[in-house]
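Same chain, two partners: chain A is paired with chain B first, then with chain C.
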Partner chain A sequence: MRFIISRFVQYVLVVFCGITAVFFIPRLTGQDPVLEIIAQIQAQGASLDPTAVQSLMETLKELYGLKGSLLQQYFTMWRRVFTLDFGPSLFQFPTPVAQLLRIYLPWTIGLFVTSTILSWVLGNIIGGFAGYFSGKPWSRILDAIVMVIRPIPQYIFGVVLLILFAYLWPIFPVRGPSIGRGMIINLSFILAILRASFLPALTLVILGGAVWFQQMKLLVQNVKREDFVEYARIGGVKGWRIVFRYVLKNAMLPQVTQLALALGQVFSGVLIVEMIFSYPGIGLLLYRGVTRGDYNLVMGITVLSILTVATATFLLDLFYPLLDPRIRHR
Partner chain B sequence: MEALRELFRDYRFAVGFVIFLFLVALAFLSFASPYDPIRQLQVPRDQPPSRAHILGTNSRGQDVFWQATFAIRNSLIIALIAGLVSRVVAILVGFVAGYRGGTLDRVLMGLADGLLVIPLFLILVMVAMLLRGSMTLVNTGLLLAFFGWAWDARAIRSQILSLREREFTKTCVLSGHGIMSLILREYLPFTAPLILSTLINNIAWAISMEIVLAILGLVRLEIPTLGTMLQWAITYQAMLLGQWWWISTPIVLTIFLLVALYWLSVSISEYLDPRMRIQRIGAQS
Partner chain C sequence: MLKRRKWFLGVLVVFVMFCGSLAFAQLPGGVPRNETLIVDQLTGRVGTPSNFNLWAGWRWQDRGLQQLVCEPLWTVDYATGEIIPGLAAEMPIYNEDFTKMTIKLRQGVSWSDGVPFTADDVVYTIDLHVKNSELLYHGPMAEFVDKVYKTDDFTVVVELKKPNSRFHTNFLDRWGCLRIMPKHVFEKVEDPIAFEFNPPVGCGPYKLKDYDPAGFWTLWERREDWEKTPTGMLYGEPKPKYVLFEAFETEEAKILAQLRHELDMAQYAPEGLRVVLEKSNTVRAWRKNWPWVVNIDPCITGIMFNNMVEPYNIKDVRWALVLAINIVDYMAIAFDYMAPVSPIHLPPVPAYVELFFKPMEEWLKNFELDIGDGQKFKPYDPDVPFKLAQAAKERGYPVPEDPEAIRAIFGIGWWKYAPEVAEKLLKKHGFTKGADGKWYLPNGNPWKITIVADTNPAHHHYRNAMAAAEQWRKFGIDATVNATEAFNTLVLMGQFEVATQWPAAEPWGVGVDLSRTFDVWSSSLLTPIGQAVTLGPGGAARWSDPRLDELLKKMETTNPFTEVEATRLLGLEALKIVVEEMPTIPTYGYCGAVAWDEYYWTNYPGAENPYSQPYQHWPNFKYMLPFLKAKH
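So, the complex of A and B:
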């Protein structure tokens, strides 16, 4: 119980610091999004008289939550976070940002959860075996392949897969599924989703898996030389049992902690991959919001992402005692 | 010199070093370019590779090969600014937090952890969005530097923590040397290899981050970098039109550059880790 409370306090602190950072960092740049929008409008050739500019500025400040003193703005920000109301989106005016997020977020969460679990499990198991049998040729070949794949950034890897499997050998669609409000859930629709999600998920699983593979391989190579493994072998425990029960299980624990630390980066990766494949998630929304200068939308996405990542880390932390008996007994 | 010779015995270091040198040479070749990097319509458009244009030309009327030399140069400049400036911050934070300890340590590490947990990429995008008009090479580098120090400050701090407990620290302090001389003469040489390997990783991170910012249109698109080159190729549908020479040039160059940097960094950090070193020597004998 004390464990849960301390983790919860940590969770609240992370969210608090993250959102405060989102509030202050853009203000450090000294740029005013309101003036920028007005400059854009004027650059497009619209002539505005001073009173119109004045009232436009007032409205935009209201929309962006930039009214009043810094402290008032800060409280406005928190009210927006709690009510999840980020005002209207500018590029799909007057749809509220909250509604856009509600449509796109489930897609991102689906991709995020599936690809993270898959890459973690596959990377760790394959890495574990490669570490245990590190002298075998297949382990060395795998290691060499990972050495090349690992440093490639998500964006580049995604574009390469897109060129290979959507243009040169078109077995996957170039664009993601289009989503609307009246979606009919039937078999062909689910198949379309799977087909459209395959390449984004593949990018994330291969690149993410490569990281877990390498870390696990190193861990297992060290655990393998521990005394208890030696005793088990001398005691006649079967090979497979040693790998799974003795070596993998012990090396898995630090990997759970590593996963909790890496979730922020993993989530960023999901957003980047969504942009390449036009997968209808928060990342695609971010791309559209940024290219059209939709400040409210980008703000909403950032806040929501911080909440998502912090919540995911918190849930993972709650799950941890189930794996590690040392914490469970405390 | 001895260290360098031993590093070159590792094939990954040797290969990475050669590829990296080759790419740097390409970057320097940009100074001899017959074309202006920014102007459009200087050569016939959409030409496949030929004798006159080894890597063909793009839809904007630029020579892809010479454009690529500028792109590598500019990407390396951004990454170097980001890497070096964030090294200064990381070293300062790491040394102060590690040496002083106490409340200051907790505050600084809390700040670093805060930066690590939140999806940094989004905050980077938000700031870049506000600064859009002024994202020149230097500013992009500085922006990336502002967010790129947290992880490495942590690594440097933990090494300082262990150095502080060693015998020579006490000897040095008791024999009347100032803190500055202790840090510069004793700690810096110890941490130099770690700093070098974090620098390489940070450069790789900055290069890939710049690509994403360019794809979002958040840097000055007329300045050729690996990111903006790819962004133009995608905007002009080079994939669909089958202009493979245009779209694959930045992709292949980026992959080579990042793989080379990664191999260098892995090789250096394995060289630093005594356990791995024993394994390697054991494997050779």
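So, the complex of A and C:
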């Protein structure tokens, strides 16, 4: 019980500090969302009478909820957090932040969760075997290939895939025009989504998979040298049983933790991949929010992110003893 | 083994067929490619995809809304130097003291839902804007409009509370203006601010067909009754049946789309344009040969000083910084010699060259600076274009030999590179140069300049900043660039010393009326640091001059339509004052790197046939469409 209470207090503190930081940090950037809108209108050459702009600025402040002291805005923010109503997006006014999240989040979850799990599964399986059979030539060749792939930045890798499969051998679109549409479940829609998501997913799976591969390979190489594996071998336990029950199972534990934390990053999105493939995700939305000083949007996305990561970590802390008897024992 | 291989090959074939069958992207709504013009959306993905109410806020109007649906009363065409009457039948008519403006409307126009357009729509729009403070154009309407009424179905009279000879400019579209609302739609709406105006109803030649809820594209379809629109009446049938606006997040994706003939009209950074031109046999630029880019844009780029901050409040210091620039080196860094330089606060577009540049040339040549000790210096250098041409030639570019062609590409002239004169100007005010070759402020501190700039490396603001910093460093000033996301806020609030913001507001297209350029420098609008300027480009320089105030007063009482020459002369005088004082440094005319794919459509308005302004994001785009020719 003490364990649960201490973890819960830690959880509440993390959420409180995180959300407070999220409130203040955008306000310290020196950007004013009202001026950003005015500048956007002016930069494109739109003509606004000078005398009109002052009243427009007042109106926008009123509409954006930026009137009142910082303390008043802070308390308003907590009310919004508890009701999960983050108000309107300032840059995409008057669209509510909640509506934007509803539109974009499923796309990010679809791409990010699928590719993260896929890369995790593939990376761990292949990495596990490569680690166990690390002396074999195929393992060394695979390791060398992964060593080359892993440091390639997402931007470069994505563009290379685009050039290869959307230009030189054009079997995929530069981007799917239907991908941003609302979710309509029919075959042609699903096919279009799959097709348009293939290259972004491939980028994430290969680059992500390379990381999981290397981690798992190292873990397995260490675990297979442990005494209990040696005892099992001497004791006559069969080869595959040693691989799955003794080595891989133990090497998986830190990878499970990593997976939970990686999935928690869904709200940060996959900005670079979204940009290259014009994919309608939360990463681009957050980027726009940050560059335009859209406090409400940044707030909405990061609060959800904080809540998700903190909750995932909290739950993981609670469930980990079930996975690892050593922690239960402690 | 053989069976397994066959199975593998079978799967591979099915996979390739699946991808291949979908490879050539079907367009939204299944519209045929050869009837569709696909264009790049300048401002990127639409943030409010379902909302078309551009009277109530920023709605990414270049998604086709301002180009295809909205028809303003008047539009500026900077390529031809004309004002095109759209919903208006002719130019506005002012009374003697500019307290009454009469608008004659075009007859026979219908809204896209079939309802006839009449004077009631104009009266309703102005009236609503006077009453509703949340609408974007409430300010000028509430300030000036006393009464608005119709005298018949096609004549509207606006009575003003105080004289305003430029009141019509509120309705003059140059990438934004107060467009006329469909009364029959808005009068049924309870809250015109919250109303999404979806589908939009306009007098332009297209109507909404579909859009992406994530904002990546918007598809428009030509109206069947296009002949009942001003575009149809003026220029005939727009040729593409569909126009698709697409937003691309990266230049690479845009380039690939154009190389695959999936994008007809695009705008790039110069580097992107080069790649497309190199790789494609069907893509052309505005100019068919080097320097390719559009150099008839009505914007001028350059450097802005905060004239309320020391030492930039001293005219000699500003001029010293001009003379410390070697414009030939500067242009190599800023735009690879492809843009025309300008010594005055206007871009050197053909119409302005005739109206202002050539008439000012003698004055520029004779213009003198007092550099102290009774010495004078003539800073103007008419040979700059030829120096630029030589440098470009040395870089391997095919530069023409004809002097007129050289001036058309490189501009008419700029300021001399005279560091020794700059030194004298600075020493007049107590600046010192150390043994280390560095400059020190009169108070003995090292002179550091931080140039605040936009973060986009492709933007002219950024390019100007890099070039200026390099030049001033060579001169001995510790100059650095601060490219920041807070650029707009810092500039508008005056929290900068030097920035690479537009050095002057562009005028009303390229007519003789320069009031828009100089209005922002009226002393009545001067704003202290810490308070946001609301005066558009140029105003953030926080500068004014009593002589300019006098000219502005005269401009206010000069009718730009009936007193053309007087208007031009007032502009000339104002330009001279701004050159003398140099509150901002004009460097070169804005250049757009447009690329047009001629695979599906041809007859774009290139340099050899500039029948219209060339950008797909300008409202006049609708007037270009009747001239395009389908190829397939």
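One rule holds for everything that comes next: the second predicted complex is superposed on the first by the 208 of 330 C-alpha atoms of A that agree within 3 Å, B and C clash if a C-alpha of one lies under 4 Å from a C-alpha of the other, contacts with A are read in each partner's own complex, and residues count from 1 in each chain.
Convention: contacts are C-beta pairs under 8 Å (C-beta built on N, C-alpha and C of every residue); 3 or more make two chains touch, one makes a residue touch a chain.
Quick caveat, the model's predicted, so the values are computed rather than measured.
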Request  = Using the superposition on chain A described above, determine whether A:Gln255 touches chain B (first), chain C (second), both, or neither.
outcome  = neither
After the superposition on A, what does A:Met275 contact: first (chain B), second (chain C), both or neither?
both
(Q) Quick check on the superposed pair: does A:Val22 touch chain B, chain C, both, or neither? Answer first, second, both or neither. (A) first
Does the superposition put A:Pro94 against chain B (first), chain C (second), both, or neither? second
Query - Partner chain(s) touched by A:Pro153 [first = chain B, second = chain C, both, neither] - result: first
Requested in this report: Figure out whether A:Val298 sits in contact with chain B (first) or chain C (second), or with both, or with neither.
Outcome: first
Contact-wise, after the overlay, does A:Glu36 reach chain B, chain C, both or neither (first, second, both, neither)? both
Per residue count on chain A, the busier partner among chain B and chain C is C
Quiz item: Looking at the overlay, what does A:Thr203 touch: chain B (first), chain C (second), both, or neither?
Solution: neither
Worksheet item: Looking at the overlay, what does A:Pro170 touch: chain B (first), chain C (second), both, or neither?
Response: second
Shared chain A footprint, chain B vs chain C, residue numbers 29, 31, 36, 159, 162-163, 167, 275, 290-291, 293
Chain A contacts chain C in the complex at 29-32, 35-57, 59, 63, 89, 91-95, 103-104, 107, 159, 162-163, 166-167, 170-182, 191-192, 195, 274-278, 280, 284, 288, 290-291, 293
Contacts from chain A onto chain B in the complex sit at residues 14, 17-18, 21-22, 25-26, 29, 31, 33, 36, 147-148, 150-153, 155-156, 159-160, 162-163, 167, 221-222, 261, 263-265, 267-268, 271-272, 275, 286-287, 290-291, 293, 295, 298-299, 301-302, 305-306, 309-310, 313
Chain B contacts chain A in the complex at 12, 110, 114-123, 125-127, 129-131, 204, 207-208, 211-212, 215-218, 230, 234, 239-240, 247-248, 251, 254-255, 258-259, 261-263, 266, 275, 279
Residue set of chain C touching chain A in the complex reads 16, 18-20, 22-28, 42-43, 45, 47-48, 51, 57-58, 62, 133-134, 136-140, 143, 169-170, 172, 174-177, 193-194, 212-217, 246-250, 252-253, 256-257, 259-260, 262, 299, 484-486, 488-493, 495, 506, 516, 519-520, 525, 532, 534-537, 539
